[in-house]
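Each chain carries a letter (A, B, C and D) given by its place in the written order, and its residues are counted from 1.
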Amino acid sequence: MKNNYVKLGEFTTLELMAVCGARAIKNGEVVFVGTGLPMIAAMLAKRTHAPKAKIVYEAGFIDSNAKDIALSIADSRLGYRASAAIGLIETLGLMLQGGHVDVGFVGAAQIDEYGNINTTYIGSFENPTVRLPGSGGGNDIISSAKRIIVIMTHEKRKMVKKLDYLTSPGFLDGPGAREKAGLLGGGPSLVVTNLCQMDFDPQTKRIRLATVHPGVTVQDVKENSGFDFIIPEHVPTTELPTYDELNILRAIDPHGIYIPRPDQTK
Amino acid sequence: MVEAEVEDKRITLKEAAKLINDGAHLFWGGFGFQRPPMALAHELVRQKKRNLTIYTCGSEMDIDILSGAYVVSRFELAFYAIEGIGLAPNIQRRIREGAVQIEDYTNLAMALRFLGGALGVPFMPLKSMLGTDLLAKTRFRSKKAEVITCPFTGEKVVLVPSVRPDFSIVHVSRVDMEGNAQIDGIKGEDVEGARAGKKVIVLAEEIVDTELIRSQPDQTAIPNIYVDYVVESPWGAYPMMVYNYYDYDMEHVRMYYQQCKTEEGWQKYCEEYITSVEDHTEFLKKIGMERLMKLKAKKPFPY
Amino acid sequence: MKNNYVKLGEFTTLELMAVCGARAIKNGEVVFVGTGLPMIAAMLAKRTHAPKAKIVYEAGFIDSNAKDIALSIADSRLGYRASAAIGLIETLGLMLQGGHVDVGFVGAAQIDEYGNINTTYIGSFENPTVRLPGSGGGNDIISSAKRIIVIMTHEKRKMVKKLDYLTSPGFLDGPGAREKAGLLGGGPSLVVTNLCQMDFDPQTKRIRLATVHPGVTVQDVKENSGFDFIIPEHVPTTELPTYDELNILRAIDPHGIYIPRPDQTK
Amino acid sequence: MVEAEVEDKRITLKEAAKLINDGAHLFWGGFGFQRPPMALAHELVRQKKRNLTIYTCGSEMDIDILSGAYVVSRFELAFYAIEGIGLAPNIQRRIREGAVQIEDYTNLAMALRFLGGALGVPFMPLKSMLGTDLLAKTRFRSKKAEVITCPFTGEKVVLVPSVRPDFSIVHVSRVDMEGNAQIDGIKGEDVEGARAGKKVIVLAEEIVDTELIRSQPDQTAIPNIYVDYVVESPWGAYPMMVYNYYDYDMEHVRMYYQQCKTEEGWQKYCEEYITSVEDHTEFLKKIGMERLMKLKAKKPFPY
């Protein structure tokens, strides 16, 4: 089945994003995820190339093997065939801050060119227009996981020059800043959007275009970004999903709770 | 020879709510959709409590109701939303009105603040929050956190202040009448939170004989020594979930979310489901036995 | 049965000491004990005047109702009908340091006139003659329990002017010293020995004779003490055990593991 | 679709001991008479390991054996003795010889040092040790503890340095082959200690199928993610006890204590029961099946 790629038009952008996220997880890794796309991506990884990956949810479910789709990170569904069900100090403290988490998988309302993330306020701190859900475990995850994958929608107002509020630390203001601040984790490594994948330049720690999704141009990415980003000479197209991946993905979320099926979106 | 005496700490939901004076500080248990003390939230609304401060990691519809009804004026927390659906509608409105203020921490920071309070130390060390606005910006605390240099390693460490609220409120799976509580599935931050309060109220799906607890003492999550009051509260987290007991009622939650998008809608929900009913049993009757029975957990699944 | 006192010669000194310890526990109190005499005394209290007392052992057994005599604080026997079995951070941290323990019940190798205790070294720290078991949870208990009962043998080399090593804090060097040091608990309140009971003067925090056991004189206590202690004008004789207390005590330890029966000592 | 793979982390007791290099730092599990890793202690003696540092709260015959055989040269701990019998005879002698050094802490301090290591923070706060020689006198650590003034309350707080030893060694009730471990009864400081080590070796009375563990995930004390190696070690704490499995053999312990009062007696014990036997199974054969069967726990009692 390997490299048996699906054809354009046979998959949705959300499906491609989930596949990108899944592929960023290596076999045997400990993956710390929230509900929604990160959960689906981690489940997909575990059922394809990474059967030894362990999925951890901050509410306390460890090495979860959920068979049904959860709506909350504290959802009882995540307890199915888990290896442990404990609590927040276990997952965020002992496991994550203790150095056992390879990949943290998060969303973002705003991100800047150093991968810093806002999930708290839109507008000013004093008089916010919107009060977002807040850090939750997000700051903890991005502070301490060995690397971070961000999944989010690519919009100008979300990829910003300056965050309205810095909830979770990317590379702060550049090289060495995380270390200076005393942070333990490795920081963001991949941003998966509906337009492209971006990573971070090892020297400058600035965000960099990695691949563009099929049908998307570099110019499209530019026009939908509020920040500058590094554009390498050669920007490949994102590798398509395989039939294997797509079939398993659709079996994971058969009712399209997080990823509506193409026929459901039409 | 005298037999060991089993103390009876049972009170009613109404009595529990009465204990909580206006202006009190509460640890509020449950995490996300799991085991929120919903029945007590409703009763606090019915008793028109005001000006409470709530400490929690992440909560949802329960604290949105408490905000909507002007019961809570301050939160110290890490997260709120109606997960998987959207932003918590009432809290949004109350923040804009200035009726609710939030001091932001992370989930780990809040959980450690409860652990610190429970341990009797004034702070706990942490490696989150560094370099961010969570450290730089304070809403109403005079000292929200402090960065120190570790005397052993020289590294930077954040100290977060411990919390010892007036009351800790937790909803558990089962408890005996002297307060030995078991929690099935995940514990969230309830183990620490339950030990942080000056007074502790345990609400439970069922009250069991102490012999059941004492036949497996290693299953006890909260021992009697910490607990002051016990409340029998079946379906007490509805429309949210309790592991091994029942699933959430997403239809009801979505209806709540849609309706509360407007103040009028919220007022209507509040009257229909909370203030116009006598107690939680009446609320459950309104929901209907049939609907509840469909939500009961189907073994071996915990939902 | 109340005040139905046994006669002299019908009980041993160890039995009297256990009864003294038991009587110092009030109904409903949370009592933190080790094995040996403290355990026996707490069990006696619970089966006589203090049925609502809760016995906690630092290894993690909480509200224990053991029916057999334990040899170790981690002994599985203490798990019988306990309300919880957890661990050290629970008992010494959350329960004790968290402020829930009314009485701590400890032994001592040396004690000074401010109730400071040594359980670590005899001789100098640099070249000790004997290395004792160490603090264990002793320092934690004496630091944080609301009050402390000490049970020990009354010998000149044990009731000392200056400790060889200060393991656990009594009143340190006098009034206000515990508060200044930052300690949470109330400090020692009663010392039960084979000769007498001693308490602490509320003003000076110095040790004070409270009662002498039957047949013991104040002079006996003086001769067996290496420190000075306050002697009130009137020193009553220790209240005798009742038949009820003695019978229950002997039923608790029927094989005389910690308290040999009079017929076993002969 | 691929099935989740169950990793096989099983190794033998001999292989486990081989992993531990001379000079290694170990968290040593078990508390008092409960669940000491006795089988591994014997194997470390047989393999003539040297110069180990052991971190533990309180241990007994197991660490006395390791001291007697010159396996351990340094301890950081709170307590040792043969409880209810007397002082640990070999440690006494080795201290007098200068072969063993002890850095003294309290039980809570040690447990928190493990929790701090497990949490990834360099210290933990504490309200014990204040005003005593435990703070004032240091044996070999350059910084044993530090008193600071709390930035929130102004009170004095002791900071104790976290511990991240090379290996954590724990003996548990049961484990699956990928390392999910359950502990019946009290946990002592093993939950924290097992999470503090850079490598973690779990010894267990029995290895069970992972489905047993996964049918009750809330019973797991140590999840697989922390565990590197699993060793099946039935009767592995003998002559001490394992809750729900077996009682201690006080006759053997008393014999040990009496015999080890002299160096010659210890050498005889060591040869007879440890160095002259091939492995723990041979040791148990020497003790005899009949004797072991008498010690088996009699339900519903855990001993």
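Please note the rule applied: contacts are C-beta pairs under 8 Å (C-beta built on N, C-alpha and C of every residue); 3 or more make two chains touch, one makes a residue touch a chain.
Small disclaimer: the values here were computed from a predicted structure and weren't measured.
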| item | value |
| --- | --- |
| Shared interface partners, meaning chains that touch chain C and chain D | B |
| Contacts common to chain A and chain D (chain labels) | B |
| Pair exhibiting more inter-chain C-beta contacts, B-C or A-B | A-B |
| Centroid distance [mean C-alpha coordinates] between chain C and chain B, Å | 40 |
| Rounded Å distance between chain A and chain B, as computed from the means of their C-alpha atoms | 29 |
| Geometric centre distance via CA averages, chain D-chain B, whole Å | 37 |
| Chain A and chain C: spacing of chain centres that average the CA atoms, whole Å | 58 |
| Two or more partner chains touched - positions in chain D | 119-121, 126-127, 155, 157, 185-186, 217-218 |
| Chain C, residues touching no fewer than two other chains | 61, 79, 85-86, 89, 93, 97, 144, 184 |
| Topology of the chain contact graph, where touching chains are joined (line, ring, star, complete, other) | other |
| Which chain pairs touch, all of them | A-B, A-D, B-C, B-D, C-D |
| Chain D - residues contacting chain C, complex | 31-34, 57-58, 60, 77-81, 83-84, 87, 91-92, 95, 102, 104-109, 111-112, 115, 126-134, 136-137, 147, 155-157, 185-192, 241, 243-244, 247-248, 250, 297, 301-303 |
| Of all residues in chain A, those that touch chain D in their complex | 30, 46-49, 51-52, 54, 56, 61-63, 65, 79, 81-86, 89, 93-95, 97-100, 144, 184, 248, 251 |
| Touching residues (chain side chain B, partner chain D) in the complex | 116, 119-127, 143, 146, 148, 150-153, 155, 157, 159, 161-162, 183-186, 215, 217-218, 300 |
| For the chain A and chain B complex, residues of the former touching the latter | 35-36, 58-61, 68, 71-77, 79-80, 85-89, 92-93, 96-97, 116, 120, 125, 128, 130-140, 143-144, 165-169, 172, 177-178, 181-184 |
| Chain B to chain C touching residues, read off their complex | 1-5, 7, 118-121, 178, 180, 195, 210, 213-214, 217-218, 220, 223-226 |
